[in-house]
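For reference, the structure is listed below as C-alpha cells.
Every chain is named by a letter (A, B and C) in the order it is written, and numbering of its residues begins at 1.
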Amino acid sequence: MDALQTSGVTKVYGRSYALKDVSLTLARGECVGLFGQNGAGKSTLLRICAALLRPSSGSVMVFGSDPWKHVAQRAAIGFLGHGVGLYPSLTVRENLEYFAHLAGVAVPADRVREIIDRLELGVYADAEVRCLSRGWQQRAAIARGLLGEPHLLLWDEPFSGLDERTSERMSEVLIQLRSGGCTCLVSSHDYERTMALCDRAVILERGRIAYDGGEQEGRVAYRGIMGLAGKRERVET
Amino acid sequence: MRERDTVWSTLSYVLFFAMLTSLYLIFLFAPIERTMGHVQRIFYFHVPSAWVAFLAFFMVFLASVAYIMTRNLRYDRLALASAEVGVIFCTIVLVTGPIWARPAWGIWWTWDARLTSTLVLWLIYASYLLLRGFVEEERRKALLAAVVGIVGFVDVPIVYMSIRWWRTQHPQPVFAGGEGSGLDPQMRLAFFFTLAVFTILFAILTRLSAGVRRAEQDLAELDRLIAIKE
Amino acid sequence: MAPHPLKQLASLYSKDIKLEFRSRESLLPMFVFGLLVLTIFNFSFEFSPAEMKSAAGGMLWIAFTFSLTLGISRSFGLEKEYGSLDSTLLMPVDRGLIFLGKLLSNFTFALVQEALLLPFFFVFFNFSLFPDFGWFLAVICLGTFGFCAVSTLFSALTLSARMREILMPLLVFPVYIPAVIGSVKAASTIIRGEPLAWAAMWIKLIVVFDIVFATLAYILFEFVLEEQS
C-alpha cells in the first residue's frame, strides 16, 4: 500500500488547467521534492493531496483510502501551506491545544508541550501568533502539522521567507521526521537544499509532470525547465 | 444525438403552430368573462406562467440534488437553465398579476398569499442567479448554487403556509369566483391548451439555454487544450 | 483513538468564544448598529402608543436581524485570515461538527447582542414589562436560532464569492421570510397582551422552520466547505 497515490488528477481553473492528468505515487518512507515555476501547479497538487481541494477529475488515495470519504484518514496527513494556518489573536499554545483537541490527541496539554520543546518554540509559546516574525510563525505552523503524529507530510515551500538558521532548523526537523518513517512531499524553489533531504525529484510544468526521477538528471531537467520559458525567476514572497 | 435534435426541432415547429392556435383560443374562441370582460383573458397567460415557474424551480431542486450526488456538470447546466427560465416566467406572473388585479379588484397589488409567495420565490431565485455571477470557478459555482437550489426549494412550502396563515388574519380581496373552479368548457379548453403550450415552451427554452452553457464549457475546454499545446 | 465528537465540538465552540473576547470585533459593531436601527425607527414613524404596540415587534425584529447579519457574515471570513480555516478542515473533524460549532457560537453572540439591545428597546418605546415576558424571550430565542442556522450556512457559502457582504443578506433574507412572519406575529401578539393561544400557531411555525433549516444546513454544510479553499 502506497503512502500517496494520485491518479489522473486534473484541476480546472477558468480557462486553464492548474493540473492536467497528474499521476504520482509515493511509496512509504519516500521523500520527494516537488519543483516548478510559479503557477506550475505545485500548491494546487499539494492541496489536492491534503484533501483541501477536490480535483475536477481523478482521484487521490492516502494510505489506500480516500480522505474525502474517511475523515479520520486526515489525521495521517501533516499539511503545511502558504498561510500560517493559525488564529492570529490566539497564542501559539492556545492554537496548538485547540488543534490537538480536534486531532483527538489523548492528552493535548502534554502533547503540545512536547511539540513546543521539539521545535524550540518555548520562548514564544504564550505570545499571540500575529506578534511573531515570519520564521517563528512558520515554526508554529509546522508544530501544528505535527500534532496528530502524521505519517504523510505535505509541505508547501517550507523554506520560503526564512533566514538561513531557521531553514537549517527546518531541514533538521524534516530529517528527524523522515528517520521516524514519515513519507514526505516537499515543494520548493531551492533545489539544492531540498534535494539534500529527498531521494526523488518531481518537476511540474504548466500543470503536468515534466520530470520524475533521480537527483542528478533532475538537476539538468530543473535548470532546463526553469530557464526554458525564458522568464525571469520571480522571488518568492 | 442527431435523432434527438430532429425531435427537438420538430417540437419547435409544433410549438409555433400550437402557440398560434393558443392565441386563437384565448382571444377569439373563449367567451368574454361576465364581470371582468376582456381583462380576464390575461388569466390564460398568468396562470400557465405561474405553473411553468413552479415547475422550473422544482427542476432546479431536482437538478441540484442530482449534481451533488453525481458531480456531473450536465445537471448544473440544467439547474441554471431552469432557474433562468423560471425567473423569467415568475417575472411574467408578477407583471400580469397587477395588470389583472387593477381592473378586477381595483388595486394594483395585494399581499395575497399566492402573489406574495410568488414574489418571495422570485427573490430567492434571483439571488440564486446573482450568486452564480459572483463565484468564479466552475465547480465551486455549481456546488454552491446546488446548495442554494435545495435550500430555496425546501423553503417554498414553508413560505406558502406562513403567508397563507398571515393573510387569513386580514380581509381577503374579493375574488370573482375561484380560478379553475366553475370554468366555462370553452374557457377550460383554452386554458389547458395554453398550459400545455407553455410547458413545451419551458422545455424548449431550458434545453436551448443549457445548450448554450454546454457550448461555452466546451469552448473553455478547447481553450485550455490549445493553451497546453502552445 | 477516534476523537470524541462532543469534545471536538466543545473546542470548536470555545475557540470562537475566545477569539471574540480577544478581539471584540463582532459584538460591538453589531450592538451599536442595532441601536442605530432602533433610533432611526423612532425618527421614521410617529405612532400613537397603541400603534406602537403593533409595530414594535417588527421594528425589534428588523433591528435584530440586520445587525446579526453584520456579525454573522464575517464569522467564517475571520477564519480565512491566516488560513486557519484550512487548518481546521485538515483535522479529522466531521464537517457537520464545524457547522454546529459555528452555529452555537453565532447563536451565543446573537443572544448576547439581543440581551444588550432589549433594555434600549423597552426604554425607547416606553414599554413596561408585559405579561408572558418569558414567552416573549422564548420567541426571540427560537427566531434567532433559525436565523443563525440559515445565515451560518450562507456565510460559509459566500466565503469564496465576490461581494460576499452584499450577497449574504440577499440569500438569507428571502429564505428567512417565513420565520420573520412567525416571529413578528408572535412577538406582536405578546406585546399587545393578547391571549397567548393566538401566538401558538406562530411559535409552531418558527419551531418547524428551525428544525427544517438547522437539519438541512447541517447536511448541506459539508458540500459548502468542500470547494472553499
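Going forward, contacts are C-beta pairs under 8 Å (C-beta built on N, C-alpha and C of every residue); 3 or more make two chains touch, one makes a residue touch a chain.
Please read all numbers here as calculations on a predicted model, not as lab measurements.
**Student:** Based on the touch definition given at the start, go ahead and assign the chain network to line, ring, star, complete or other.
**Tutor:** The chain contacts form a complete graph, every chain touching every other.
**Student:** By Cα centroids, which chain is closest to the centre of the whole protein?
**Tutor:** Closest chain centre to the overall C-alpha centroid: C.
**Student:** Roughly how far is chain A from chain B, centre to centre by C-alpha average, rounded to an integer in Å?
**Tutor:** Here the centre of chain B sits 49 Å away from the centre of chain A.
**Student:** Report the inter-chain centroid distance for chain B and chain C in whole angstrom, where each centroid is the mean of the CA atoms.
**Tutor:** About 32 Å separates the centre of chain B from that of chain C.
**Student:** Just the number, please: Cα centre separation of chain A and chain C in whole Å.
**Tutor:** 38
**Student:** Could you tell me which residues belong to chain C and also touch two or more other chains?
**Tutor:** Within chain C, residues 226-227 contact more than one other chain.
**Student:** What parts of chain A, by residue number, touch at least two of the other chains?
**Tutor:** Expected reply: 54.
**Student:** On chain B, where are the residues touching two or more other chains?
**Tutor:** 136-137, 139 - these are the residues of chain B that touch more than one other chain.
**Student:** Touching chain C in the complex: which residues of chain B?
**Tutor:** 68, 120, 123-124, 127, 130-131, 134-137, 139-140, 143-144, 146-148, 150-152, 154-155, 158-159, 161-163, 165-166
**Student:** Where on chain A does chain B make contact in their complex?
**Tutor:** Spelled out, the residues of chain A in touch with chain B are 12-17, 20, 54, 56, 206-208.
**Student:** Could you list, by residue number, the parts of chain A that touch chain C in their complex?
**Tutor:** Going by the criterion above, the answer is residues 47, 50-54, 71-75, 77, 79, 81-90, 94, 98-99, 101-104, 106, 129-130, 144, 148.
**Student:** So in the complex, the part of chain B that touches chain A is made up of which residues?
**Tutor:** Its residues touching chain A are 136-139, 220, 223-224, 227-228.
**Student:** What residues of chain C sit close enough to touch chain A in their complex?
**Tutor:** 1-4, 7-8, 10-12, 15, 18-19, 22-23, 79, 81-84, 86-95, 226-227, 229
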